[in-house]
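For clarity, chains are labelled A, B, C, D, E and F in written order, and residue numbers in each chain start from 1.
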């Protein structure tokens, strides 16, 4: 029995409020239950130094948690003077995930930065961030197309992510904080609409698992990502 | 004529949504027009080292701007590895302003940290932050009183802040970004309910002003803060 | 009764020794009583990146306190690896104050940096720094005029600063350390010769004040700055 | 055809030289072909602050690449003043992997730090580091047992890691640099002797893969890790 | 012929103004010609963590150059966020030199920090710093003896330092900036009254030297240090 | 009697294994007894900004100690975020020493960086680093000559370094850790084949010495460096 009363393959409510801030070229506030992440897409008409003159663009991401997004206040990374290993690991994952569905040549010599700031955390912040970042990116790129700056769509598919884990011997979908802090294994899957896997990260600090376990977690992830893909399309259409 | 069409002594719409996040002991999303700041109050049952054993508490603040709160994306301070002088100046101001209305002895040996994170910026972010931080603090302290942790209220008054400036030779209240970037003088007043001044900061990079100018700006600030005091009480009552 | 025996509107002795160091284009050691600040003006024939090609110059300032300028030794900021919020706040104030009296277009594409290093502290270091920085700047600019690099004087007026405060219910001028550490309110005024205000910063952590209090502090500041203006002219003439 | 002429399921030569340095409680120089990583295990009779008094130990890891371990010289992280996100991600992975096979309660209140310094890089440095770190750890713990400091063995199994990827449409084992820089997908598997998976990380920036692809990569990883498990035992016996 | 017209074995004028600042337990402004260094000694009744409870004291030093002590303005180390290698090398040298003449057991469990801040630089700042630091230390320790905190004098001798070099094939004493920047070899000697050597550092980037050259430089250093020892005693007696 | 049983003028075994890593243009693992330092030379076809367009090259060095090169584990400098003063002092010394034997004009507009990473420490790491860095440099420059990039040899001589000290009143050569930690005086000499001195650094924290003592240490250094010069030539010939 999950603490939230959810079925093992049941996701939390997905909410996506687009246009949450007005300066960014694309933005949304995405919620997976009580987890809420503000995702913005910022377009800059320049690329990183190592890409200049190659006729390609770049998509990158930054991630941060507001100090009191969590149960107890965490120290602000800007005050500490360095981003934690966890933060860097997550923002690298978000960037890779989004680049997996963008044709950087079609994007042209511009950079899109996806800022994912966690307003409230209840487990699954990185997966919500990836899923919301796609929506912000989609809106920003639609703007480029509408303005004529792009004639071909560089986004090749949708990308979404969800966490799965083994909670009291049962594989469950979309762990919330109560489950996450006691789960035996914890996996994050980044999936692409159409069925391919962009990234799979499965970790076990306590109990370990095998092929069958990995596939069961992946099967749950497919259920969750299908729900997210639908919510992304709904949000973008509005 | 102001770009927004407002009268010289007219504030922007003040919106205060309490309980915007659920983990903090007090929180609100405050809006002065398009400027929106998330303010949270976090209670910790310990004080900074230099206060230990003195039977007093502490109130402090941190301030940050999300990278894309502004028209063009700013670099994330956590990525740069240091907080800018502007950030530090503002968070010191917020802390002093709130301490001006708190009896630290009555607060007891605990620290309340007010995190003010700017979600969207359109001028006046520090004044909105101070005004919203009071609401978050009020809610957090009400919780301490309700739980019996405090028997006497350490908050002695309300505190609010607003900016004023001289725009095209006219003193105006509550500058938005369009006015702020071209104003000749720029002042921030932190006022206390009952009429006292907690802090006055008036700067003129271009044109300068005199006693009469300073008093006219202060008179506008009184009008604005009275509006904010009313909005704070409304928000807290809900 | 003030600890120093001074009258409420009496400044400490003002001493200004020009040419204290020989490499800088302008320099002086300014004293407000026991507070002593070394101010140097350094001219560089280049401007910050964001000003390049605009035909304007820039005036900026840096401030530091020697570790043992104070009663007890403070940690060296270079050893800590970061400048404190206080340091950054003060150096931003010094820079703004000086720019208030300089026509940056007339200065041409060059930068003048005012380094204000506190040799000994006894209250009022930032106001002494501003007042001394003007002398260093005046000497440096006189050099540019004499050498023919400038044909028009970019300095439009004198600028000086002084602190005032409410000490045992009496408004007093030019607080020394003993007064500063126990004063109820503390204000710094940056005034321009001719009567305008460049900057007013009045803070009250304990007691607060009102319009009348603010004006009384400002009146004292005018008395003090008139004395400083005279001392600046004397120093520069030598 | 692989650049090295290896069969798709063929690992590079595994070399493990134990006792490579003499101060560490355990050490080895591990080679996967031209990739060479120095792994040392350092025992300290204290635990991190958050574990004190809990009767448990801790196993952690640090990773670094010598500046000229690579084809072109990289900047030294100590000179840059910060560890890269890649470095932090890898050292977190090494630590988690080793903890997956250690009973921290049996280890007692001590910390073992595994330093993995890449002397020469040719792809697969993180997997060689994990595999070598186990050997260093095994030697260090054997020392604790021999000295009587431990009566029960806290190491529950062997752990090893290997990379796999899709190179020119063929799943291949143990990517070297030439393959790694052009592979379509890249996966790192951390396996435990006995068959369980400790960690699986599969990434695709270009082409993506599906369940079948993931399982084929995992099957290769099993072949590779079996070879590494044998080499570890050989090394430790000497 | 030296640029300054001095004889090869002629030192610049040595000036030592004690009590230059009033908060430090000992202070002086030392001048070797145009080089001027403010040296302060600060006593703290605590020792570094690694010395606690050992019944010994510690003597340490910090060194800094004001940004415009030099011909062209240097960047402030506090603004850069790190001390340069040169700064650290010099402050380590100053500390070692002073410790060479102090009996740390007799000093008792206290730390004396010698801050050496270069007000104006014209070559030889580190040697002036060492020589002036001894004066500040002497004054501070005299205060401890006078107050009864110390009954036995922990200072066993005087220490002084001077630079020598080979300028246009001639060994010369006490290099000024003009000589220093073109000298073929550059040596700093730290000598102890009575004749012993505390530290010798001789460097040759261009031409190199041999035993005879080293001894000739050392002979010059003895002449210079004798002059400094006399000036130190004069200064302390006043 | 020395702890190692060596005669006072006896060096430890010198071992030099060239080509220890394969990516660097030159590399060796040098051993002075149990001290082992990996030295690599990296050629880059660009010079530091302050040298550009001057038709000269640059030789520089970086030094680091692996965390467990020593008896007890030291904190990794990359994790601390700054290089220690000791590290910076040593790497500056290595760079100066190598530049003493290189004609930078003949090197042309390229930079050679010598990375010296201490794999195992037993005293004398900086002197082994200098001696090994020359070997790596020699190999790298030979490569430039062989490829035709250089027609004239920019290396004018050999450079080597060794430590000497006064151990139990006896001057001894090539201190190991046991001697180094208890020696009264400690000197490092950098000598050039042919007999000149590039750098002499002699320090005495406890006992001090005089001219005769300095010369006796230097005489030992000549014995040691002659042995190292021979070993360098042997290594390079292979």
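Rule of thumb we're sticking to: contacts are C-beta pairs under 8 Å (C-beta built on N, C-alpha and C of every residue); 3 or more make two chains touch, one makes a residue touch a chain.
Keep in mind that this is a model prediction, so the values were computed, not measured.
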Handout entry: Third chains touching both chain F and chain E
Key = none
Exercise for the section: Starting from the Cα centroid of chain E, hunt down the chain whose centroid lies farthest away. Expected result: A
Problem - Reference chain B; chain at largest CA-centroid distance - result: F
Handout entry: Copies chain E and chain C - interface residue numbers shared by over half, same or different
Key = same
Handout entry: Chain centre separation in whole Å, for chain E relative to chain D (CA means)
Key = 50
Completion exercise
Taking each chain's centre as the mean of its CA atoms, chain C sits from chain D at a distance in Å of 59
Problem - Interchain centroid distance [CA atoms averaged], chain B/chain C, Å - result: 28
Practice task
For chain D, write out the residues touching at least two other chains, lowest number first.
Solution key: 81-83
Problem - Cyclic chain order - from chain B, heading first toward chain C - result: B, C, E, F, D, A
Handout entry: Residue ranges of chain B touching chain C (in the complex, touch as defined)
Key = 82-86, 88-89, 91-92, 96, 99-100, 192, 195-205, 208-211, 213-215, 218
Exercise for the section: Would you mind writing out the residues of chain B in touch with chain A in their complex? Expected result: 21-24, 27, 34, 36, 38, 40, 42, 44, 62, 64, 66-71, 73, 76-83, 87, 113, 115, 117, 119-121
